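Take a look at the following structure, please.
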Amino acid sequence: MKAAVDALLRKELRLELRAPQAVPAMALFSVTTLVVFHFALQRGQVEGDLASGVLWVTLLFAAMLGTSRLFVADHEEGGLDGFLLAPVDRTALLVAKALAMFAFLAIVELVAVPAFALLLLGPTPDASALAQLVLVLALADAGVAVTGTLVAALAVQTRARDLLVPLLALPLLMPVVIAAAKGTTPLLAAAGTGDVGARWLVILGLYDLVFGLIAYAVFDFLVED
Amino acid sequence: MLYGTRLRALAIATAVTLTAGFGLAFFYAPMDADQGFMQKIFYVHVPMAIVTLGGFVFAGIMAIKHLRTREAKYDLRAYVAIHLSLVLGAGVLITGSIWAKASWGHWWVWEEPTLVSYLVVFLLYATYQPLRFSIEDPERQARYASVFAVIAGAFVPLNFLAVRLAETYTHPRVFATSDGGLPAKMQFPFLVCLIGMAALFVTLWKYEMASKHTSSQLRSLRRKLAGDDAVAPQGRSAAPSLGTSS
Amino acid sequence: MAAAPAIELAGLTRRYGERVALRDVTLSLPAGATLVVFGPNGAGKSTLLRVLSTLLRPHAGVARVLGRSLPDEGWAVRGRLGLLGHAPLLYRDLTGRENLVFHARLHRVALDRADELLERVGLTARAGDKVHTYSRGMVQRLAVCRAVLHDPEVLLLDEPRANLDPAARELVEPLIGAASGRTRVVTSHDPAGGLAEADLALGLRAGSVALVAAAREVHAEQIGALYR
């Protein structure tokens, strides 16, 4: 199965590189959203819980954009059939897509987070806070990737794909939003940064685990007929 | 399975239990010192919430059975359960809002984690019907709906946990709900209301199942008697069909 | 002792909602033989191929391919089947070679097989170009490569020669034709040509079997009658 995931992942990344569907749009969207926030909140700088909120809303909505496109190429070019005909465990597709999504989110964050720091973030986080921020981002991205892959697979066969993805994904991602936002608040605080509370990391980890297991259990039913 | 059996008896039992429950809530249960009479809406709000959450879990179990056996009847059971839970769920949110007004003076409070979690769950399940409607192939529609019901069912406890941890971190729980710490005079009416609400759910569920089942059988008979062409195709619908054999 | 048939169907049924796409299809195809499926559009030919390829599961009846029963044992037989359907199953933004390499990796086949096949269908010169630059004939040739890449024992071909000019047909014939030695199920709209290459003929109309017989016992007019 590792070989299959490898082949699939290479294909995903190559396709995205060749004919970018998700990543540039997501990155651009996040920067634009930050500008919208500036005008909507009527602030030049944010810190603490407000900063946390702005960051996570921006990342989440950018993720929704990318999630909608995740299975579209396959669906349109009959590529899913090509995979289904191969003597390969269907879970390989889930793993490959989730990894690809994770990679896309990471690349988008390489743009969005510095942009956020530049445009809106008041305090400058120190090295320790940054490291913890990366940790929270990683855990949250894993959750978004798994849930996003599930929802994208659900929605790709429907007619109102772009509408359904956010409607389905956002409630399902609420625990991630809760934990991530609460978790990063002390990291972005003005008056002396604190540490990420362990409980938020635990919730994120638990979410990743539970949804990973659920995805593993139900994915076959979404792709097979 | 005949859903219509003992339906009348069940309906009467439901009516009796609910009336008894509400009567007890009005007259027997003590008046809350702080919140006054409006607090009594607790006897409607909480049983409804518990029953609807039970409905969602039941739907999740039916969905698992459907995925395993691919029998349409399980999908129909899940569909009706979710549908009903959603309708009653709107009632939960409305009564919750009234209760919040009575206690806090606001029509909505974020400090009550159970209510907030419920809102998220409600928003999630509200997408069940649009999801179904947007998939044309009936077999795929049923399958995807079941997958959704399973995911959503597993999500419910996770969500409650996350919201509870988030809110209690800054705000202590305000409302004393259900089992823990209810004085005796409140426990009994609460229990009766809970049973009554559960009975209401089951009665309504059975009614809807019987109705759908009957119309499906009618179509099937018509098709057998007058041939395939006599029955107009069902067209796009979010509701599961029981297929050609039943 | 006679070898087990490559394909055995008994009462195979597949529905689409309330409509029956395939009703009660029964036949037996020995290994190495060719089954040609005739019928008007919508008769169920493509559905039959998709069920045989394990992409669709039977709703009723028995389907055995290479001795394995579908859908439960589909996983065991998937790697030994090759499907050439209406959709080429190729990614338009990848090159011809990249597409084949992708499939080769999924099927755990040596990568140079891709180059070998590209040579045989005359696509080596364009192998490094993206598929969306290919003509329809070239896409079809590449799709043939994809279908036979893993050397399947059974070929399921849905109008395989569509979009191919005579020169191209000659190139793909050894790969998917009768001479390839594989068991084949081919759909066709050409009564004479179809019967010529068939061992067994199946005529479908509105999902039901209108005729199933050894090809030499079937006349072209019977095939024509399916369309009326």
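A, B and C are the chain letters, set down in written order, and residue numbers restart from 1 in every chain.
As a working rule, a residue touches a chain if its C-beta (ideal position, glycine included) is under 8 Å from a C-beta of that chain, and two chains touch if they have at least 3 such contacts.
Given the structure is predicted, the values throughout are model-derived calculations rather than measurements.
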item	value
Chain whose average C-alpha position is farthest from subunit B's own	C
Result of counting contacting C-beta pairs for A-C and B-C, higher pair	A-C
Separation of subunit A from subunit B, taking each centre as the mean of its C-alpha atoms, in whole Å	31
Centroid distance [mean C-alpha coordinates] between subunit C and subunit B, Å	48
Averaged-CA centre spacing for the pair subunit C and subunit A, given as whole angstrom	40
Residues of subunit A whose C-beta touches two or more other chains	225
In subunit B, residues with contacts to at least two other chains	139
Junction residues of subunit C - those touching two or more other chains	none
Subunit B residues within the subunit A interface of the complex	67, 120-121, 123-124, 127, 130-131, 134-136, 139-140, 143-144, 146-148, 150-152, 154-155, 158-159, 161-163, 165-166, 169
Residue numbers on subunit A that touch subunit C, as the complex places them	3-4, 6-8, 10-11, 14-15, 18-19, 73, 77-79, 81-88, 224-225
Subunit B-facing residues of subunit C, complex	15-20
Parts of subunit B lying in touch with subunit C, wherever the complex brings them together	137-139, 233-234, 241, 243-244
Residue ranges of subunit A touching subunit B (in the complex, touch as defined)	150, 154-155, 157-160, 164, 167-168, 170-172, 174-175, 178-179, 182, 199, 203, 206-207, 210, 214, 217-218, 221-222, 225
